[in-house]
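Following this line, the structures themselves.
Each of the two complexes below includes subunit A, the first together with subunit B, the second together with subunit C.
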Partner chain A sequence: MVVYSFYIFDRHAECIYKRRWLPRPTSISGKASRPTSEIPSSSNGVPPVFGQSDRTTDDDAKLIFGTVFSLRNMVRKLGGEDDSFVSYNTSQYKLHYYETPTNIKFVMLTDVKSPSMRVALQQIYINLFVEYGVLDSYPR
Partner chain B sequence: MSTNDYLVLAGTFHGVHAITRTITPRIPVPSPPSSTSTTSYAFPNPGIPATGLEYLETEKFRLTCFQTLTGTKFLLFTDPLTTNIDVVMRKVYELYADYVMKNPFYQLEMPVRCEAFDRHLGGWLRGRT
Partner chain C sequence: MSTTKASRIGEELWKTRVDKINAELVTLTYGTIVAQLCQDYDSDYNEVNKQLDKMGYNIGMRLIEDFLAKSNVGRCANFRETADMIAKVGFKIFLNISPTVTNWTSDNNQFSLIFEENPLADFVELPDDGRAQDELWFSNIFCGVLRGALEMVQMQIEAHFVSDVLRGDDTTEMRVSLVRYIEDEMPPEEE
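Moving on, here comes the complex of A and B:
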């Protein structure tokens, strides 16, 4: 299974976390088999080296948010208010979606053959996001 | 849902379908040393053209989208556990070609109101269950 990217959107449609994993080109390093992670930093203004050449990672996040938001509304209209969309496939990738009751959206892009990542996204929310994100500065 | 709602959904789906194709992750391909610094990209499944949304799974249903070569989209809503959707889709396309496209009174790009198509589609689907 290959994971291409992972995004978290808060309830104000803001992308609060994004991370992409793309394989390193073999000509630069000999270790092509080991994927490298790229955290796009907005502070230093360095253009993204990997990935889309004509579109920034910010634009990608916006497009992905627009897609999942539209699909979520569409699914609610067709399947009823308590229905929610889980994933979609194209010929090239699979997008997994999980939304918390507080409207925080977790999105993950993987290869087409990966199994359902709903539980994984739920675990990321419960064990990582709540634990290290929400409760970070909370006195315990 | 009213006809207007369906039109809104169809419009939304059309846009989303196009976006899902453009956000396909692209993997950098090492460029040969002779070429300049431009990095080339490949899709995760090289050899297959990038398509938009092909099927969508929700908790309650499964939506399969089939796009013909001319751009007409067939949307099939099924139970999440239904199998052999490809077969159903292929047959629907076949019936569409036979009873809609070969109907001399059907005008292209207009809503499909062909009784023979309805009848054969209904009959075939009933025969399967």
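Moving on, here comes the complex of A and C:
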């Protein structure tokens, strides 16, 4: 199993944590799919396929937020208030989602073959976020 | 979720998931805080009430995360369920008490919590200056805690005490009203 990236959004829709474990490829699909070895090292600095090289990690976070926010609302509209959006697959990557009742959102991108990360995300919330973030010195 | 189910969850969590400390330590610490506030604000009890509420609010904002992490419960379907959750699970796991939920208004937006026991108020006598009995709500921190905690789960509420045995009333009663459900925040518009 490979984890490509991980994001936490707070209740104000702000990305309060992001981490990526692969060097920046040229597009979302590239990021998710290809280990660096498949991309010739010369590709660094080479114009990207979709002309999106100037998209920053900030933009990534915004895109991801927009995606999960819309999906989550759509899921609730179709499946009722209690339904929740858990993950989606593309041919290149899998996005895992966990949201607390306080609207803190955890998003993890992994390879397509990985099992459900819901429990892992929940444990990150319970054992790390709450324990060392909220109950320690939450900065506000 | 029924009231009995909430009680069961509360009991279970209290037994298994909660770190306990000496109750008298809590009582004495809280009493000291209130006494200090009375001193700091020159016995302006309205101001003391306000400060306690504010302290509670800041506690509640974080406590809700601890509550959710421990209890692992989902969103309540309605305000009645919320009330049971507060009384049977929330107060249970943090203070080992379960105030009674009662006096609902017909629109299900307002209820009372009756505190048969209140660990904050053990051994307490209000200042004997003729005003504290009428002005100070000793356990006002609870109001702030509920307000802060519920705001984090998209409920704006108003809470205040209407009676307190410390003042010589028969019961200790807090009134809680739902003001509105808060909409999810959207990211700021792109410029």
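Everything that follows uses one rule, which is that the second predicted complex is superposed on the first by the 107 of 140 C-alpha atoms of A that agree within 3 Å, B and C clash if a C-alpha of one lies under 4 Å from a C-alpha of the other, contacts with A are read in each partner's own complex, and residues count from 1 in each chain.
Note that a residue touches a chain if its C-beta (ideal position, glycine included) is under 8 Å from a C-beta of that chain, and two chains touch if they have at least 3 such contacts.
In this text the structure is predicted, and so the values were computed from the model without any measurement.
Asker: After aligning the two structures on subunit A, examine subunit B and subunit C and state clash or fit.
Answerer: fit
Asker: If you stack the two complexes on chain A, which partner ends up touching A:I126: first (subunit B), second (subunit C), both, or neither?
Answerer: second
Asker: Check the residue A:V112 against both partner chains and state whether it touches subunit B (first), subunit C (second), both, or neither.
Answerer: The first partner, subunit B, only.
Asker: A:L63 contacts which: subunit B (first), subunit C (second), both, neither?
Answerer: Once the two structures are laid over each other on A, A:L63 reaches subunit B alone.
Asker: Name the contact category of A:H12: first (subunit B only), second (subunit C only), both, or neither.
Answerer: second
Asker: Using the touch definition from the top, say if A:G80 reaches subunit B (first), subunit C (second), both or neither.
Answerer: A:G80 sits against subunit B, while subunit C stays out of touch.
Asker: Tell me which partner A:L71 touches in the superposition: subunit B (first), subunit C (second), both or neither.
Answerer: first
Asker: So, does A:Y93 touch the first partner subunit B, the second partner subunit C, both, or neither?
Answerer: Touch partner of A:Y93: subunit B, not subunit C.
Asker: In the superposed arrangement, does subunit B or subunit C reach more residues of subunit A?
Answerer: B
Asker: To be precise, I mean the smallest distance between any C-alpha of subunit B and any C-alpha of subunit C in the superposed model; what is it in Å?
Answerer: Between subunit B and subunit C, the shortest C-alpha distance works out to 13 Å.
Asker: Determine where on subunit A the residues touched by subunit B overlap those touched by subunit C, and list them.
Answerer: Touching subunit B in the first complex and subunit C in the second, residues 66 of subunit A appear in both lists.
Asker: Would you mind writing out the residues of subunit C in touch with subunit A in their complex?
Answerer: 62, 64-66, 68-69, 72-75, 77, 152-154, 184-188
Asker: In the complex of these two chains, what residues of subunit A are touching subunit C?
Answerer: It comes out as residues 11-14, 62, 65-66, 69, 81-82, 100-104, 122, 125-126, 129-131, 134-135, 138.
Asker: Taking the touch rule as given, give the residues of subunit B at its contact with subunit A in the complex, in rising order.
Answerer: Its residues touching subunit A are 1, 5, 9, 12-13, 15-16, 19-31, 33, 39, 41, 43-45, 48-61, 77.
Asker: Within their complex, state which residues of subunit A touch subunit B.
Answerer: Going through subunit A, the ones touching subunit B are 2, 4-5, 22-23, 25-28, 50-53, 60, 63-64, 66-67, 70-71, 73-75, 77-80, 83-93, 95, 109, 111-112, 116.
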